[in-house]
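As C-alpha coordinates, here come the structures.
Two complexes are shown next, each including chain A; its partner changes from chain B in the first to chain C in the second.
Showing the complex of A and B:
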(Lines of atoms letter the chains of each structure in order from A and count residues from 1; the text may use other names and numbers.)
(Lines give C-alpha, C1' and ligand atoms only; values in the text may rest on other atoms or scores of the structure.)
Protein backbone atom coordinates (compact mmCIF):
# COMPACT_ATOMS: atom_id res chain seq x y z
CA UNK A 1 0.00 0.00 0.00
CA UNK A 2 3.05 2.26 0.19
CA UNK A 3 2.79 2.87 -3.54
CA UNK A 4 -0.90 3.79 -3.55
CA UNK A 5 -0.37 7.49 -2.85
CA UNK A 6 2.45 7.71 -5.35
CA UNK A 7 0.33 6.94 -8.42
CA UNK A 8 -2.26 9.74 -8.06
CA UNK A 9 0.43 12.20 -6.89
CA UNK A 10 2.45 11.61 -10.03
CA UNK A 11 -0.66 11.77 -12.22
CA UNK A 12 -1.86 15.07 -10.74
CA UNK A 13 1.58 16.66 -11.05
CA UNK A 14 1.70 15.68 -14.71
CA UNK A 15 -1.82 17.05 -15.28
CA UNK A 16 -0.85 20.33 -13.60
CA UNK A 17 2.18 20.62 -15.87
CA UNK A 18 -0.01 19.80 -18.91
CA UNK A 19 -2.63 22.44 -18.06
CA UNK A 20 -0.01 25.13 -17.43
CA UNK A 21 1.79 24.33 -20.68
CA UNK A 22 -1.45 24.72 -22.66
CA UNK A 23 -2.26 27.97 -20.81
CA UNK A 24 1.14 29.44 -21.74
CA UNK A 25 0.71 28.22 -25.31
CA UNK A 26 -2.54 30.19 -25.53
CA UNK A 27 -1.28 33.38 -23.83
CA UNK A 28 2.43 33.78 -24.45
CA UNK A 29 2.40 37.42 -25.58
CA UNK A 30 3.83 39.04 -22.43
CA UNK A 31 6.59 36.43 -22.12
CA UNK A 32 7.68 37.00 -25.72
CA UNK A 33 7.73 40.76 -25.17
CA UNK A 34 9.78 40.29 -22.00
CA UNK A 35 12.72 38.79 -23.90
CA UNK A 36 12.78 41.46 -26.63
CA UNK A 37 14.53 44.88 -26.46
CA UNK A 38 12.45 48.01 -25.92
CA UNK A 39 12.22 48.73 -29.64
CA UNK A 40 11.75 45.55 -31.61
CA UNK A 41 10.75 44.76 -35.17
CA UNK A 42 7.86 42.40 -36.02
CA UNK A 43 10.48 40.06 -37.45
CA UNK A 44 12.24 39.70 -34.10
CA UNK A 45 8.91 39.18 -32.35
CA UNK A 46 7.94 36.43 -34.78
CA UNK A 47 11.23 34.57 -34.40
CA UNK A 48 11.04 34.62 -30.58
CA UNK A 49 7.36 33.68 -30.73
CA UNK A 50 8.08 30.68 -32.96
CA UNK A 51 10.89 29.64 -30.63
CA UNK A 52 8.53 29.58 -27.65
CA UNK A 53 5.78 27.78 -29.62
CA UNK A 54 8.22 25.07 -30.67
CA UNK A 55 9.45 24.60 -27.11
CA UNK A 56 5.94 24.37 -25.68
CA UNK A 57 4.75 21.98 -28.40
CA UNK A 58 7.70 19.65 -27.88
CA UNK A 59 7.04 19.78 -24.12
CA UNK A 60 3.39 18.84 -24.78
CA UNK A 61 4.49 15.91 -26.94
CA UNK A 62 6.92 14.68 -24.27
CA UNK A 63 4.19 14.99 -21.61
CA UNK A 64 1.70 12.99 -23.68
CA UNK A 65 4.40 10.37 -24.28
CA UNK A 66 5.05 10.15 -20.55
CA UNK A 67 1.33 9.99 -19.77
CA UNK A 68 0.98 7.09 -22.22
CA UNK A 69 3.85 5.25 -20.54
CA UNK A 70 2.32 5.96 -17.14
CA UNK A 71 -1.32 5.13 -17.90
CA UNK A 72 -0.31 2.12 -19.97
CA UNK A 73 1.16 0.72 -16.79
CA UNK A 74 4.77 0.53 -17.98
CA UNK A 75 6.17 2.83 -15.30
CA UNK A 76 3.11 3.16 -13.06
CA UNK A 77 4.51 1.14 -10.18
CA UNK A 78 8.17 1.95 -10.68
CA UNK A 79 9.01 3.97 -7.60
CA UNK A 80 12.28 5.54 -8.82
CA UNK A 81 10.69 6.81 -12.02
CA UNK A 82 7.64 7.94 -10.01
CA UNK A 83 9.89 9.96 -7.69
CA UNK A 84 11.79 11.64 -10.53
CA UNK A 85 8.60 12.37 -12.41
CA UNK A 86 6.62 13.67 -9.43
CA UNK A 87 9.31 16.03 -8.16
CA UNK A 88 10.23 17.41 -11.57
CA UNK A 89 6.66 17.90 -12.79
CA UNK A 90 5.68 19.53 -9.49
CA UNK A 91 8.59 21.95 -9.75
CA UNK A 92 7.69 22.54 -13.41
CA UNK A 93 4.14 23.46 -12.39
CA UNK A 94 5.40 25.92 -9.74
CA UNK A 95 7.99 27.54 -11.99
CA UNK A 96 5.59 27.77 -14.94
CA UNK A 97 3.09 29.55 -12.68
CA UNK A 98 5.83 32.09 -11.89
CA UNK A 99 6.65 32.16 -15.62
CA UNK A 100 3.11 33.40 -16.33
CA UNK A 101 2.52 35.71 -13.39
CA UNK A 102 5.92 37.43 -13.33
CA UNK A 103 6.19 37.38 -17.16
CA UNK A 104 9.61 35.76 -17.20
CA UNK A 105 11.60 36.30 -20.42
CA UNK A 106 11.00 33.46 -22.82
CA UNK A 107 14.62 32.30 -22.76
CA UNK A 108 14.12 31.08 -19.19
CA UNK A 109 11.61 28.58 -20.50
CA UNK A 110 14.41 26.39 -21.84
CA UNK A 111 15.75 25.68 -18.35
CA UNK A 112 12.30 24.53 -17.27
CA UNK A 113 12.04 22.51 -20.47
CA UNK A 114 15.40 20.85 -20.03
CA UNK A 115 15.09 19.91 -16.39
CA UNK A 116 11.35 19.32 -16.04
CA UNK A 117 10.17 18.03 -19.45
CA UNK A 118 13.14 16.46 -21.21
CA UNK A 119 14.78 14.78 -18.22
CA UNK A 120 11.76 12.76 -17.00
CA UNK A 121 10.95 11.87 -20.61
CA UNK A 122 14.48 10.49 -21.09
CA UNK A 123 14.23 8.39 -17.94
CA UNK A 124 10.82 7.20 -19.14
CA UNK A 125 12.45 6.09 -22.40
CA UNK A 126 15.06 4.16 -20.41
CA UNK A 127 12.27 2.52 -18.38
CA UNK A 128 10.46 1.56 -21.60
CA UNK A 129 13.61 0.14 -23.19
CA UNK A 130 14.33 -1.80 -20.02
CA UNK A 131 10.79 -3.09 -19.88
CA UNK A 132 10.38 -4.09 -23.53
CA UNK A 133 13.91 -5.16 -24.48
CA UNK A 134 15.28 -6.59 -21.25
CA UNK A 135 12.09 -7.62 -19.43
CA UNK A 136 13.08 -5.57 -16.43
CA UNK A 137 9.87 -4.49 -14.94
CA UNK A 138 7.52 -3.32 -12.27
CA UNK B 1 -7.89 -15.86 -24.91
CA UNK B 2 -9.61 -17.35 -21.88
CA UNK B 3 -8.06 -20.31 -20.14
CA UNK B 4 -9.86 -22.70 -17.84
CA UNK B 5 -8.42 -21.24 -14.69
CA UNK B 6 -8.42 -17.56 -15.58
CA UNK B 7 -11.80 -16.32 -16.74
CA UNK B 8 -11.45 -12.75 -15.56
CA UNK B 9 -13.28 -10.34 -17.84
CA UNK B 10 -12.87 -7.02 -15.98
CA UNK B 11 -11.08 -4.45 -18.07
CA UNK B 12 -7.82 -3.15 -16.59
CA UNK B 13 -7.57 0.00 -18.77
CA UNK B 14 -11.16 0.91 -17.83
CA UNK B 15 -10.35 0.49 -14.16
CA UNK B 16 -7.20 2.64 -14.49
CA UNK B 17 -9.21 5.35 -16.24
CA UNK B 18 -11.94 5.35 -13.58
CA UNK B 19 -9.39 5.44 -10.75
CA UNK B 20 -7.40 8.31 -12.24
CA UNK B 21 -10.59 10.14 -13.22
CA UNK B 22 -11.66 10.12 -9.57
CA UNK B 23 -8.44 11.87 -8.60
CA UNK B 24 -8.64 14.19 -11.56
CA UNK B 25 -12.20 15.19 -10.73
CA UNK B 26 -11.20 16.02 -7.15
CA UNK B 27 -8.56 18.39 -8.54
CA UNK B 28 -11.02 19.75 -11.10
CA UNK B 29 -13.64 20.42 -8.41
CA UNK B 30 -11.19 22.33 -6.20
CA UNK B 31 -9.87 24.40 -9.11
CA UNK B 32 -13.40 25.11 -10.30
CA UNK B 33 -14.37 26.39 -6.84
CA UNK B 34 -11.26 28.58 -6.94
CA UNK B 35 -12.28 29.86 -10.35
CA UNK B 36 -15.76 30.68 -9.04
CA UNK B 37 -14.28 32.61 -6.11
CA UNK B 38 -12.08 34.55 -8.54
CA UNK B 39 -14.97 35.26 -10.91
CA UNK B 40 -17.33 36.29 -8.12
CA UNK B 41 -14.72 38.71 -6.72
CA UNK B 42 -13.68 40.38 -9.97
CA UNK B 43 -16.55 40.13 -12.48
CA UNK B 44 -20.09 41.56 -12.29
CA UNK B 45 -22.63 38.77 -12.08
CA UNK B 46 -26.32 39.40 -12.87
CA UNK B 47 -28.21 39.62 -9.60
CA UNK B 48 -30.84 36.98 -10.21
CA UNK B 49 -29.05 34.07 -8.60
CA UNK B 50 -26.95 33.01 -11.57
CA UNK B 51 -23.84 32.47 -9.48
CA UNK B 52 -25.75 30.41 -6.92
CA UNK B 53 -27.32 28.30 -9.66
CA UNK B 54 -23.95 27.60 -11.24
CA UNK B 55 -22.43 26.66 -7.88
CA UNK B 56 -25.34 24.31 -7.18
CA UNK B 57 -24.77 22.79 -10.62
CA UNK B 58 -21.09 22.28 -9.76
CA UNK B 59 -21.98 20.43 -6.56
CA UNK B 60 -24.61 18.36 -8.41
CA UNK B 61 -21.99 17.50 -11.00
CA UNK B 62 -19.68 16.30 -8.23
CA UNK B 63 -22.45 14.07 -6.84
CA UNK B 64 -23.24 12.65 -10.29
CA UNK B 65 -19.55 12.06 -10.91
CA UNK B 66 -19.15 10.22 -7.59
CA UNK B 67 -22.11 7.94 -8.39
CA UNK B 68 -20.84 7.36 -11.94
CA UNK B 69 -17.34 6.42 -10.87
CA UNK B 70 -18.64 4.19 -8.07
CA UNK B 71 -20.95 2.24 -10.37
CA UNK B 72 -18.30 2.04 -13.08
CA UNK B 73 -15.66 0.62 -10.72
CA UNK B 74 -17.99 -1.82 -8.95
CA UNK B 75 -19.63 -2.92 -12.22
CA UNK B 76 -16.28 -3.51 -13.84
CA UNK B 77 -14.89 -5.45 -10.88
CA UNK B 78 -18.00 -7.60 -10.33
CA UNK B 79 -18.55 -8.03 -14.09
CA UNK B 80 -22.19 -6.84 -14.01
CA UNK B 81 -23.56 -5.24 -17.19
CA UNK B 82 -26.32 -3.42 -15.31
CA UNK B 83 -23.98 -1.39 -13.10
CA UNK B 84 -21.85 -0.46 -16.09
CA UNK B 85 -25.04 0.58 -17.92
CA UNK B 86 -25.96 2.85 -14.98
CA UNK B 87 -22.44 4.30 -15.22
CA UNK B 88 -23.03 4.92 -18.92
CA UNK B 89 -26.32 6.79 -18.26
CA UNK B 90 -24.66 8.89 -15.56
CA UNK B 91 -21.73 9.69 -17.84
CA UNK B 92 -24.22 11.30 -20.26
CA UNK B 93 -25.34 13.57 -17.39
CA UNK B 94 -21.74 14.25 -16.37
CA UNK B 95 -20.79 15.10 -19.96
CA UNK B 96 -23.75 17.51 -20.24
CA UNK B 97 -22.78 19.17 -16.96
CA UNK B 98 -19.21 19.59 -18.17
CA UNK B 99 -20.41 20.98 -21.50
CA UNK B 100 -22.54 23.50 -19.60
CA UNK B 101 -19.42 24.77 -17.83
CA UNK B 102 -17.54 24.77 -21.12
CA UNK B 103 -20.09 26.62 -23.26
CA UNK B 104 -23.06 28.08 -21.45
CA UNK B 105 -21.96 29.43 -18.06
CA UNK B 106 -21.73 33.20 -17.57
CA UNK B 107 -17.95 33.59 -17.65
CA UNK B 108 -15.58 30.92 -18.93
CA UNK B 109 -11.91 31.25 -17.98
CA UNK B 110 -9.24 29.93 -20.32
CA UNK B 111 -7.98 27.64 -17.59
CA UNK B 112 -11.49 26.20 -17.19
CA UNK B 113 -11.68 25.41 -20.91
CA UNK B 114 -8.53 23.28 -20.66
CA UNK B 115 -9.63 21.55 -17.45
CA UNK B 116 -13.08 20.71 -18.84
CA UNK B 117 -11.54 19.49 -22.10
CA UNK B 118 -9.39 17.01 -20.16
CA UNK B 119 -12.46 15.90 -18.20
CA UNK B 120 -14.42 15.37 -21.44
CA UNK B 121 -11.53 13.33 -22.90
CA UNK B 122 -11.70 11.11 -19.81
CA UNK B 123 -15.49 10.71 -20.16
CA UNK B 124 -15.16 9.89 -23.86
CA UNK B 125 -12.60 7.14 -23.29
CA UNK B 126 -14.67 5.72 -20.45
CA UNK B 127 -17.82 5.60 -22.59
CA UNK B 128 -15.94 3.57 -25.20
CA UNK B 129 -14.50 1.20 -22.59
CA UNK B 130 -17.83 0.85 -20.76
CA UNK B 131 -19.61 -0.20 -23.97
CA UNK B 132 -16.87 -2.74 -24.70
CA UNK B 133 -17.01 -4.19 -21.19
CA UNK B 134 -20.85 -4.28 -21.19
CA UNK B 135 -20.72 -6.40 -24.33
CA UNK B 136 -18.05 -8.60 -22.77
CA UNK B 137 -19.99 -9.11 -19.53
CA UNK B 138 -23.28 -9.80 -21.33
CA UNK B 139 -21.79 -12.80 -23.15
CA UNK B 140 -22.09 -16.26 -21.71
CA UNK B 141 -19.66 -16.94 -18.89
CA UNK B 142 -16.52 -18.60 -20.20
CA UNK B 143 -15.34 -21.53 -18.16
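Showing the complex of A and C:
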Protein backbone atom coordinates (compact mmCIF):
# COMPACT_ATOMS: atom_id res chain seq x y z
CA UNK A 1 0.00 0.00 0.00
CA UNK A 2 1.84 3.06 -1.26
CA UNK A 3 1.04 5.61 1.42
CA UNK A 4 4.54 7.02 1.25
CA UNK A 5 3.56 10.08 -0.79
CA UNK A 6 0.02 10.43 0.40
CA UNK A 7 0.70 11.44 4.00
CA UNK A 8 2.81 14.54 3.25
CA UNK A 9 0.48 15.48 0.37
CA UNK A 10 -2.50 15.42 2.71
CA UNK A 11 -0.59 17.42 5.32
CA UNK A 12 0.44 20.08 2.80
CA UNK A 13 -3.09 20.44 1.40
CA UNK A 14 -4.51 20.87 4.90
CA UNK A 15 -1.84 23.45 5.77
CA UNK A 16 -2.54 25.33 2.53
CA UNK A 17 -6.24 25.45 3.38
CA UNK A 18 -5.43 26.59 6.92
CA UNK A 19 -3.10 29.36 5.73
CA UNK A 20 -5.62 30.68 3.21
CA UNK A 21 -8.44 30.64 5.77
CA UNK A 22 -6.29 32.71 8.17
CA UNK A 23 -5.41 35.10 5.32
CA UNK A 24 -9.08 35.67 4.47
CA UNK A 25 -9.89 36.14 8.17
CA UNK A 26 -7.33 38.93 8.31
CA UNK A 27 -8.25 40.68 5.05
CA UNK A 28 -11.92 40.13 4.30
CA UNK A 29 -12.77 43.75 3.52
CA UNK A 30 -13.02 43.58 -0.29
CA UNK A 31 -15.01 40.35 -0.18
CA UNK A 32 -17.64 41.82 2.14
CA UNK A 33 -17.88 44.95 -0.03
CA UNK A 34 -18.38 42.75 -3.11
CA UNK A 35 -21.64 41.30 -1.82
CA UNK A 36 -23.22 44.58 -0.69
CA UNK A 37 -25.16 47.03 -2.92
CA UNK A 38 -23.34 50.14 -4.12
CA UNK A 39 -24.49 52.44 -1.30
CA UNK A 40 -24.64 50.40 1.87
CA UNK A 41 -25.14 51.31 5.48
CA UNK A 42 -22.63 50.37 8.24
CA UNK A 43 -25.24 48.03 9.75
CA UNK A 44 -25.47 45.97 6.55
CA UNK A 45 -21.67 45.86 6.35
CA UNK A 46 -21.41 44.69 9.94
CA UNK A 47 -24.01 41.95 9.52
CA UNK A 48 -22.37 40.56 6.37
CA UNK A 49 -18.96 40.87 8.03
CA UNK A 50 -20.17 38.94 11.08
CA UNK A 51 -21.59 36.20 8.83
CA UNK A 52 -18.27 35.80 7.06
CA UNK A 53 -16.32 35.82 10.34
CA UNK A 54 -18.56 33.09 11.76
CA UNK A 55 -18.18 30.97 8.64
CA UNK A 56 -14.39 31.36 8.60
CA UNK A 57 -13.99 30.63 12.31
CA UNK A 58 -16.11 27.47 12.10
CA UNK A 59 -14.08 26.35 9.09
CA UNK A 60 -10.87 27.03 11.05
CA UNK A 61 -12.15 25.00 14.01
CA UNK A 62 -13.14 22.04 11.82
CA UNK A 63 -9.78 22.18 10.06
CA UNK A 64 -7.87 22.17 13.35
CA UNK A 65 -10.01 19.24 14.50
CA UNK A 66 -9.15 17.29 11.35
CA UNK A 67 -5.46 18.20 11.73
CA UNK A 68 -5.49 16.86 15.30
CA UNK A 69 -7.07 13.63 14.09
CA UNK A 70 -4.45 13.34 11.34
CA UNK A 71 -1.36 14.17 13.45
CA UNK A 72 -2.58 12.11 16.38
CA UNK A 73 -2.36 9.11 14.09
CA UNK A 74 -6.04 8.17 14.07
CA UNK A 75 -6.50 8.63 10.35
CA UNK A 76 -2.95 9.10 9.14
CA UNK A 77 -2.70 5.79 7.33
CA UNK A 78 -6.25 5.32 6.10
CA UNK A 79 -5.92 5.83 2.37
CA UNK A 80 -9.63 6.39 1.64
CA UNK A 81 -9.99 9.21 4.17
CA UNK A 82 -6.65 10.59 2.98
CA UNK A 83 -7.83 10.68 -0.65
CA UNK A 84 -11.07 12.47 0.24
CA UNK A 85 -9.23 14.90 2.47
CA UNK A 86 -6.44 15.65 -0.01
CA UNK A 87 -8.71 16.31 -2.99
CA UNK A 88 -11.22 18.40 -1.03
CA UNK A 89 -8.62 20.53 0.74
CA UNK A 90 -6.65 21.06 -2.48
CA UNK A 91 -9.78 22.24 -4.29
CA UNK A 92 -10.62 24.43 -1.28
CA UNK A 93 -7.16 26.02 -1.44
CA UNK A 94 -7.55 26.77 -5.17
CA UNK A 95 -11.08 28.17 -4.73
CA UNK A 96 -10.01 30.29 -1.76
CA UNK A 97 -7.14 31.69 -3.85
CA UNK A 98 -9.68 32.71 -6.50
CA UNK A 99 -11.90 34.06 -3.71
CA UNK A 100 -9.13 36.39 -2.56
CA UNK A 101 -7.74 37.50 -5.90
CA UNK A 102 -11.00 37.94 -7.81
CA UNK A 103 -12.90 39.36 -4.79
CA UNK A 104 -15.81 36.91 -4.97
CA UNK A 105 -18.94 37.94 -3.09
CA UNK A 106 -19.17 36.48 0.37
CA UNK A 107 -22.17 34.28 -0.45
CA UNK A 108 -19.93 32.02 -2.54
CA UNK A 109 -17.91 31.18 0.55
CA UNK A 110 -20.70 28.99 1.93
CA UNK A 111 -20.36 26.60 -1.03
CA UNK A 112 -16.62 26.27 -0.40
CA UNK A 113 -17.29 25.78 3.31
CA UNK A 114 -19.96 23.12 2.78
CA UNK A 115 -18.03 20.98 0.34
CA UNK A 116 -14.46 21.42 1.46
CA UNK A 117 -14.53 22.12 5.21
CA UNK A 118 -17.60 20.42 6.61
CA UNK A 119 -17.46 17.26 4.51
CA UNK A 120 -13.89 16.12 5.43
CA UNK A 121 -14.58 16.91 9.10
CA UNK A 122 -17.70 14.72 9.00
CA UNK A 123 -15.82 11.83 7.37
CA UNK A 124 -13.07 12.31 9.96
CA UNK A 125 -15.66 11.97 12.74
CA UNK A 126 -16.91 8.75 11.13
CA UNK A 127 -13.34 7.42 10.94
CA UNK A 128 -12.70 8.31 14.58
CA UNK A 129 -15.89 6.62 15.75
CA UNK A 130 -15.04 3.59 13.62
CA UNK A 131 -11.55 3.25 15.02
CA UNK A 132 -12.50 3.83 18.66
CA UNK A 133 -15.82 2.05 18.92
CA UNK A 134 -15.50 -0.74 16.40
CA UNK A 135 -11.71 -1.26 16.51
CA UNK A 136 -11.46 -0.86 12.79
CA UNK A 137 -7.75 -0.60 11.91
CA UNK A 138 -6.15 0.28 8.59
CA UNK B 1 7.16 13.21 12.92
CA UNK B 2 7.30 16.95 13.49
CA UNK B 3 10.67 17.03 11.74
CA UNK B 4 9.30 15.06 8.78
CA UNK B 5 6.47 17.52 8.18
CA UNK B 6 8.73 20.47 8.93
CA UNK B 7 11.06 19.34 6.14
CA UNK B 8 8.11 19.31 3.72
CA UNK B 9 6.83 22.69 4.87
CA UNK B 10 10.22 24.42 4.61
CA UNK B 11 10.41 25.02 0.80
CA UNK B 12 6.93 26.54 0.69
CA UNK B 13 7.79 28.85 3.55
CA UNK B 14 10.94 30.00 1.71
CA UNK B 15 8.99 30.76 -1.48
CA UNK B 16 6.28 32.66 0.42
CA UNK B 17 8.84 34.77 2.30
CA UNK B 18 10.78 35.63 -0.86
CA UNK B 19 7.62 36.71 -2.69
CA UNK B 20 6.37 38.81 0.21
CA UNK B 21 9.78 40.44 0.72
CA UNK B 22 9.98 41.31 -2.96
CA UNK B 23 6.48 42.80 -2.87
CA UNK B 24 7.06 45.07 0.10
CA UNK B 25 10.77 45.83 -0.31
CA UNK B 26 10.36 49.30 -1.78
CA UNK B 27 8.04 50.52 0.95
CA UNK B 28 10.18 49.49 3.92
CA UNK B 29 12.62 51.76 5.75
CA UNK B 30 16.29 51.13 4.97
CA UNK B 31 17.00 49.63 8.39
CA UNK B 32 14.28 47.02 8.03
CA UNK B 33 15.25 46.24 4.45
CA UNK B 34 18.70 45.20 5.62
CA UNK B 35 17.41 43.44 8.72
CA UNK B 36 14.81 41.43 6.83
CA UNK B 37 17.21 40.30 4.12
CA UNK B 38 19.79 39.28 6.74
CA UNK B 39 17.18 37.42 8.80
CA UNK B 40 15.88 35.65 5.74
CA UNK B 41 19.33 34.38 4.67
CA UNK B 42 20.26 33.32 8.21
CA UNK B 43 16.96 31.57 8.80
CA UNK B 44 17.14 29.63 5.54
CA UNK B 45 20.61 28.29 6.28
CA UNK B 46 19.89 27.51 9.92
CA UNK B 47 16.55 25.87 9.15
CA UNK B 48 18.20 23.60 6.60
CA UNK B 49 20.98 22.55 8.98
CA UNK B 50 18.59 22.21 11.90
CA UNK B 51 16.09 19.95 10.16
CA UNK B 52 18.90 17.83 8.70
CA UNK B 53 20.60 17.42 12.11
CA UNK B 54 17.33 16.62 13.83
CA UNK B 55 16.33 14.06 11.20
CA UNK B 56 19.74 12.32 11.32
CA UNK B 57 19.96 12.40 15.12
CA UNK B 58 16.46 11.03 15.44
CA UNK B 59 16.84 8.14 13.01
CA UNK B 60 20.40 7.10 13.91
CA UNK B 61 19.71 7.75 17.64
CA UNK B 62 22.82 9.89 17.95
CA UNK B 63 22.64 12.23 20.90
CA UNK B 64 25.16 14.89 19.72
CA UNK B 65 23.22 15.61 16.52
CA UNK B 66 19.96 15.74 18.39
CA UNK B 67 21.42 18.02 21.05
CA UNK B 68 22.75 20.31 18.31
CA UNK B 69 19.34 20.40 16.70
CA UNK B 70 17.67 21.21 20.00
CA UNK B 71 20.11 24.01 20.81
CA UNK B 72 19.74 25.54 17.34
CA UNK B 73 15.98 25.42 17.70
CA UNK B 74 15.86 26.91 21.17
CA UNK B 75 18.49 29.61 20.87
CA UNK B 76 18.24 30.70 17.24
CA UNK B 77 14.99 29.79 15.58
CA UNK B 78 12.71 30.60 18.50
CA UNK B 79 13.74 34.26 18.85
CA UNK B 80 13.89 34.72 15.06
CA UNK B 81 10.42 33.33 14.42
CA UNK B 82 8.96 35.31 17.31
CA UNK B 83 10.61 38.45 15.89
CA UNK B 84 9.13 37.84 12.45
CA UNK B 85 5.69 37.19 13.88
CA UNK B 86 5.41 39.95 16.45
CA UNK B 87 7.40 42.91 15.11
CA UNK B 88 4.85 45.19 13.47
CA UNK B 89 7.44 47.57 11.98
CA UNK B 90 8.32 45.06 9.26
CA UNK B 91 4.84 45.51 7.76
CA UNK B 92 3.64 41.94 8.15
CA UNK B 93 1.20 40.98 5.39
CA UNK B 94 -1.67 38.61 6.34
CA UNK B 95 -0.18 35.85 4.19
CA UNK B 96 3.14 36.16 6.00
CA UNK B 97 1.36 36.20 9.33
CA UNK B 98 -0.37 32.89 8.55
CA UNK B 99 2.86 31.22 7.35
CA UNK B 100 4.75 32.43 10.42
CA UNK B 101 2.02 31.16 12.74
CA UNK B 102 2.44 27.65 11.30
CA UNK B 103 6.25 27.85 11.52
CA UNK B 104 6.10 29.12 15.13
CA UNK B 105 3.85 26.21 16.10
CA UNK B 106 6.38 23.80 14.56
CA UNK B 107 9.35 25.40 16.38
CA UNK B 108 7.64 25.58 19.79
CA UNK B 109 6.44 21.98 19.59
CA UNK B 110 9.90 20.81 18.51
CA UNK B 111 11.54 22.54 21.47
CA UNK B 112 9.15 20.91 23.95
CA UNK B 113 9.06 17.42 22.46
CA UNK B 114 12.78 17.46 21.60
CA UNK B 115 13.65 17.93 25.28
CA UNK B 116 11.76 14.78 26.25
CA UNK B 117 13.16 12.82 23.31
CA UNK B 118 16.76 13.69 24.20
CA UNK B 119 16.19 12.85 27.85
CA UNK B 120 14.75 9.42 26.99
CA UNK B 121 17.61 8.69 24.59
CA UNK B 122 20.30 9.74 27.10
CA UNK B 123 18.75 7.59 29.84
CA UNK B 124 18.68 4.60 27.50
CA UNK B 125 22.32 5.05 26.52
CA UNK B 126 23.45 5.50 30.15
CA UNK B 127 21.70 2.24 31.07
CA UNK B 128 23.30 0.48 28.13
CA UNK B 129 26.74 1.77 29.16
CA UNK B 130 26.30 0.53 32.75
CA UNK B 131 25.22 -2.91 31.60
CA UNK B 132 28.20 -3.01 29.21
CA UNK B 133 30.53 -2.38 32.15
CA UNK B 134 29.30 -5.51 33.91
CA UNK B 135 30.09 -7.73 30.92
CA UNK B 136 33.54 -6.09 30.69
CA UNK B 137 34.21 -6.84 34.38
CA UNK B 138 33.41 -10.53 33.84
CA UNK B 139 35.91 -10.70 31.01
CA UNK B 140 38.67 -9.13 33.15
CA UNK B 141 37.99 -11.56 36.01
CA UNK B 142 38.31 -14.56 33.66
CA UNK B 143 41.70 -13.30 32.40
CA UNK B 144 43.00 -12.90 36.00
CA UNK B 145 41.98 -16.49 36.80
CA UNK B 146 43.85 -17.85 33.77
CA UNK B 147 47.00 -15.87 34.71
CA UNK B 148 46.99 -17.43 38.21
CA UNK B 149 46.84 -20.96 36.76
CA UNK B 150 49.85 -20.34 34.51
CA UNK B 151 51.88 -18.81 37.35
CA UNK B 152 51.35 -21.87 39.50
CA UNK B 153 52.42 -24.22 36.70
CA UNK B 154 55.80 -22.49 36.07
CA UNK B 155 56.78 -21.80 39.63
CA UNK B 156 56.58 -25.42 40.68
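Everything that follows uses one rule, which is that the second predicted complex is superposed on the first by the 137 of 138 C-alpha atoms of A that agree within 3 Å, B and C clash if a C-alpha of one lies under 4 Å from a C-alpha of the other, contacts with A are read in each partner's own complex, and residues count from 1 in each chain.
By definition in this document, a contact is a pair of C-beta atoms (placed from the backbone, for glycine too) under 8 Å apart; a residue touches a chain by one contact, two chains touch by 3 or more.
No experiment lies behind these values; they were computed from the predicted model shown.
Return fit or clash for chain B versus chain C, each positioned on chain A through the superposition.
On the superposed model, which is not a single observed complex, chain B and chain C clash.
Now for A:83: first (chain B), second (chain C), both, or neither, which partner does it touch?
After superposing on A, A:83 lies clear of both chain B and chain C.
Per the contact definition in the header, classify A:12: touching chain B only (first), chain C only (second), both, or neither.
both
For A:53, using the defined touch cut-off, is the partner it touches chain B, chain C, both, or neither? Pick first, second, both or neither.
Touch status of A:53: no partner.
Between chain B (first) and chain C (second), which does A:68 come into contact with in this model arrangement: first, second, both, or neither?
Neither partner.
On the A-aligned overlay, A:129 touches which partner chain: chain B = first, chain C = second, or both, or neither?
In the superposition, A:129 contacts neither chain B nor chain C.
Is there a shared patch on chain A that both chain B and chain C touch, and which residues make it up?
8, 11-12, 15, 18-19, 22-23, 26-27, 71
What residues of chain C sit close enough to touch chain A in their complex?
1, 4-5, 8-9, 12, 94-95, 97-99, 101-102
Given the complex with chain B, which residues does chain A contribute to the contact?
That would be residues 8, 11-12, 15-16, 18-19, 22-23, 26-27, 71, 73, 76 of chain A.
Which of the residues in chain B come into contact with chain A in the complex?
12, 16-17, 20, 23-24, 27, 110-111, 114-115, 118
If we count contacts the way the header does, which residues on chain A are in touch with chain C in the complex?
8, 11-12, 15, 18-20, 22-23, 26-27, 71
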